[in-house]
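The chains carry the letters A, B, C and D, assigned in the order they are written, with residues numbered from 1 in each.
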Amino acid sequence: MKVLSEGCGELIGWHDPDEHRAWVRANKSRDLKDKRMTIADAVEEYVPDGALVALGGFGHVRVSMAGVYEIIRQRKKHLTLAGKTAVHDSDILIGAGCVDRIEVAYAFGHEMRGLSPASRRAVETGQCKVVAELSNAVYQWRFLAAMMGLPFIPTRNMLGTDTLKYSSAKVIKDPFSGKPICLVPACYPDVVFMHVPRCDMYGNAQIDGTIIEDFELARAARRLILTTEEIVPESEIRRQPWQTAIPFFFVDAVVEVPYGSHPCQMPYLYFFDEEHIGEWLRMSKSLEGVKEYFDKYVYGVKDFTDYLELVGGLRKLDYLKKVEQLRAPMTAPWLKKRG
Amino acid sequence: MKADYTATELLATVASKVLEDGKSVFVGTGLPMIASMLAQRTHAPNLLIIFEAGGIGPRVPVLPISVGDSRTFHEAAAASTMHDVMSLSQAGYVDYGFLGAAMIDWYGNINTTVIGEHDHPKVRLPGSGGANDVGSFCWRTILLMRQEKRRFLKKVDFITTPGYLTGPGAREKAGLPAGAGPYRVITQLGLYDFDEATKRLKLLAVHPGVTIEQIQDNSEFEILIPDHVGTTEPPTPEERRLLREIDPTGMAIGK
Amino acid sequence: MKVLSEGCGELIGWHDPDEHRAWVRANKSRDLKDKRMTIADAVEEYVPDGALVALGGFGHVRVSMAGVYEIIRQRKKHLTLAGKTAVHDSDILIGAGCVDRIEVAYAFGHEMRGLSPASRRAVETGQCKVVAELSNAVYQWRFLAAMMGLPFIPTRNMLGTDTLKYSSAKVIKDPFSGKPICLVPACYPDVVFMHVPRCDMYGNAQIDGTIIEDFELARAARRLILTTEEIVPESEIRRQPWQTAIPFFFVDAVVEVPYGSHPCQMPYLYFFDEEHIGEWLRMSKSLEGVKEYFDKYVYGVKDFTDYLELVGGLRKLDYLKKVEQLRAPMTAPWLKKRG
Amino acid sequence: MKADYTATELLATVASKVLEDGKSVFVGTGLPMIASMLAQRTHAPNLLIIFEAGGIGPRVPVLPISVGDSRTFHEAAAASTMHDVMSLSQAGYVDYGFLGAAMIDWYGNINTTVIGEHDHPKVRLPGSGGANDVGSFCWRTILLMRQEKRRFLKKVDFITTPGYLTGPGAREKAGLPAGAGPYRVITQLGLYDFDEATKRLKLLAVHPGVTIEQIQDNSEFEILIPDHVGTTEPPTPEERRLLREIDPTGMAIGK
């Protein structure tokens, strides 16, 4: 097996497929059991310091912010983050000092809102190390390989670039076409947080709108914590089983947290809270501001409901629902600045 | 005479004109969305828009903030997965792809990862995101960027996304899909393509009022200048009106 | 790239990924256009003699029987069949003499009903040649590789068996784990027929129940002909876009054929017509019976509605609906025989 | 005394007892379905049933005709895809898998493809179907088959599905998932497992009234016979009643 070239990026989250199979057999329950717990218990049980963490959704769309805040609240340390379409999620986890290693497909940016001061600063000062580079497609295919229990998946991208050089991929000659092809290794995150609109108490979950990478990621996860807008009766799930994106045996914990994606968007339910994200982007320009932000919104509140009250309560949530449903115009502090 | 349109409006309208009706385009955040939505509202009503988070053929009501935002699958043909859209791109279904760039070299290789050393960055940028995927898989990629001497470089610090790599045949030799690559570059100064023989950046048209000297002065490398250089069409009032309609808050197009 | 071993099976449906990309670019329309046509026109246009054909569904569940009958009616010849979970579909296509080559994951059997006399006879007499062996998972992953535009997908099965020896797969040493791994080549059928409960006139299709292999197969197909129980307004599709299993640009033809899966099952709509399948299994025990069957049910009817009248019309279809919905008991001639 | 149960009923009840509550099983057409459904109605209510067409954790109302039949995703946890269930099997999520077999050898290698030469078959059988997948991926496979001298062979004409191949370590050497393989064989005569050291078929228990001689007489190869051989439990009246309930038409269990 001649390898034509290979990246120097650190191989994170990879396991020999046989070792992973044995782990699954010993650790993932196939039993149908009630998995409801508090987010505090879920984080305590499934997020050891040093773990490789990945977040479902799209960085600031359908993100388990309830999970993210709890990781910060419990002051988890030395986490490695899967920087897959990472936006607000990674920015505040890095800003909070929980994450000091990241593999990057996309991070340190806030899409239309510009760059992310906190996480950029962390990387540029060496506080957070970028251990490998890759692309969005490649990250998602690393999860596909993991879901399939394979060591790797071939791809036809990254070839010829520095992204490949700093990745953990290898290039071989494809024995069918004779052309060079990239092999990207499986990635099994130690723990994944995913926010869904609904699931039952066993973890059978439905997702409205795009699934993004969550079909593969849920199945690649060693531990999967679902936060959900609502826990519905099992019968509602079983009535339309083709709507189930994640069946129960991939799930380790189910936590009901209405608005659990705030300030990120939850498709069909609520829009980005641009006021709050804007506040973070403003405050996170300085280390003092970062500290002030977490003191106020994480350490200073007793739970997620308390936090929701603090960011504007019912009136704010009602407004975000209207914006999401195109019944009210969007406003944002970062827009005013540009105006 | 001061133009009655902004540079951003010009970029959006010039970019939209590159797109063809009945073809597909892989769209990123910001100007690419605006250009694609404008094309749908003008000459290309059946332009198929594809977003990396899984939105396929949406009727985008208003400029999304994110390529994963629910606006990207509003009344879509399908709200699918990244695996689905990246796969169909790799399989050759996507005609056009848009890319933003911090820096490029004369082969259209793009850096959006880092300025300085990778492990000791002077400036850390977001990385590939979907850019390497778009640049690898889409038949024709369109680069939208600001043109300055420190951005049009002889050598970029980091090739995040492939242009023509080291020249003719290099993409294919590396194993990338054959026959694809950068198609147009659009900056605040002009519109470029790539020379057939050398795969180097070549001026196609200047924007109204821009000189060849400005084009060259704002690049560290030599830009090929053909005998005939066109001038781009400025945005019409109707196009400008549509742009406001698409982006009412001015988040990408400006106030 | 050292290949440790490789199968002697014929490599069918494979194209160099670059050649396939160029074909897609030139031949698959990305335009949103009305694709409605008759099944006769669709078969005439997209099924040349000698083509590699694959059928969606599961052999006798959600099968485009309207497509199958039309292939027979037009007396297509020398087709190669993708024998993926092939049951009633392949049995009558082989029985009719349209197919003389088949790659086999599963074929020549009728699940609970026993073996298939017609297609078994064709293979045992050499009239139909088995060009390669593989497994159900491997066939479906060949379609996954095709959908992804890749030359191959790795798998951890077939290894060590004669199924591998008679397949078109290759074995290499995985550069990540150091263990042998199987690489199965992409398969792009020339034409695929798929039956769905509903789609719009552009081809945007929804499927209720299991998707089986159809997500990947629809995307692997060079030409895709959808037969559908119902053509619905585009707005109905776009209201819940996450229900779309197949977006329009993969589709080449849309044919409305209510009960188009008969005598096979259509989940939630109608059960297997065991009486009719039983009649085929009985008649197909002899070559004369086969001829009689096709004379009566294919060549002897002018269209699919005529055929439906012949097999029992409204009364039969109403009964099949009741059995499917568990409101009437199932009966079958092959059951009486065993009783 | 003539038994008040049929051989098929005995196979179904013995097979159902191999399954454990709270574990997963990959199920094929016919007897495997019945055995799994019986287990759910007796000692294993939370047995997770998985079907190759994508049915996951259904509440099967009545015996399906096909593993793709809508009964296989009736009130299921998920109605998914073959890609999904084959992937999770390959990733180690499936404890048990059922296989039917036309012929086996003493390492549990199975032929369901062809009798005679592959290219000039005496009898053509259906091929692997999902069998090679089940035999490769599931931790423990259970073989249900009729035992006769022409079916328990020294060498099968074609290895469709791997048992232990050529003996200890052979599966792993070939690259198959480690630590998996045939676990039980159940025939109309007895219940077998595989010897730890040699991976050869070993008698575990005979069915009521069956002798060791009958066991050996109905096999071309030598079956390992341990010092202690048990006797299987005959079906109880309650189990027989449940079997009728599961398969009211008797399509698999007989009339």
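Here are some notes:
The criterion applied here is as follows: a contact is a pair of C-beta atoms (placed from the backbone, for glycine too) under 8 Å apart; a residue touches a chain by one contact, two chains touch by 3 or more.
Please read these numbers as outputs of a predicted model, since none were measured by experiment.
Hopping across touching chains, the smallest step count from chain B to chain D is 2. Common neighbours of chain A and chain B under the contact definition above: C.
Chain pairs C-D and B-C differ in how many C-beta pairs they share in contact, with the greater number at C-D. One inter-chain figure worth recording: chain C and chain D are separated by 27 Å, centre to centre, where each centre is the mean of the chain's CA atoms.
Rounded to whole angstrom, the centroid-to-centroid distance between chain A and chain D, based on C-alpha atoms, equals 41 Å. One finds 38 Å separating the Cα centroids of chain A and chain C. Multi-chain contact residues of chain B (touching two or more other chains): 73, 79-80, 90, 137, 177.
Among all residues of chain A, those that touch two or more other chains are 17-18, 149-150, 155-156, 179, 181, 209-211, 241-242.
If you draw each protein chain as a dot and join the dots that touch, the picture is not a line, a loop, a star, or fully joined; it has some other shape. Checking each pair of chains for touch leaves A-B, A-C, A-D, B-C, C-D. For chain D in complex with chain C, the touching residues are 29-30, 52-55, 61-62, 65-70, 72-73, 79-83, 86, 89-90, 109, 113, 118-133, 136-137, 158-162, 165, 170-171, 173-177, 248-252, 254-255.
In the complex of the two chains, the chain C residues touching chain B come out as 17-18, 20-25, 28-33, 146-150, 202, 204, 219, 237-239, 241-242, 244, 247-249. Across the complex, chain A is touched by residues 1-3, 14, 16-18, 149-156, 170, 172-177, 179, 181, 183, 185, 207-211, 241-242 of chain C.
Listed in rising order, the residues of chain A touching chain B in the complex are 57-61, 83, 85, 87, 104-109, 111-113, 115, 120, 123-124, 126, 129-130, 133-138, 140-141, 144, 155-163, 166, 171, 179-182, 209-216, 265, 267-268, 272, 274, 324, 326, 329-332, 335, 338-339.
On chain D, the positions that touch chain A within their shared complex are 21-24, 46, 48, 56-59, 73, 75-80, 84, 87-88, 90-93, 95, 137, 139, 177-179.
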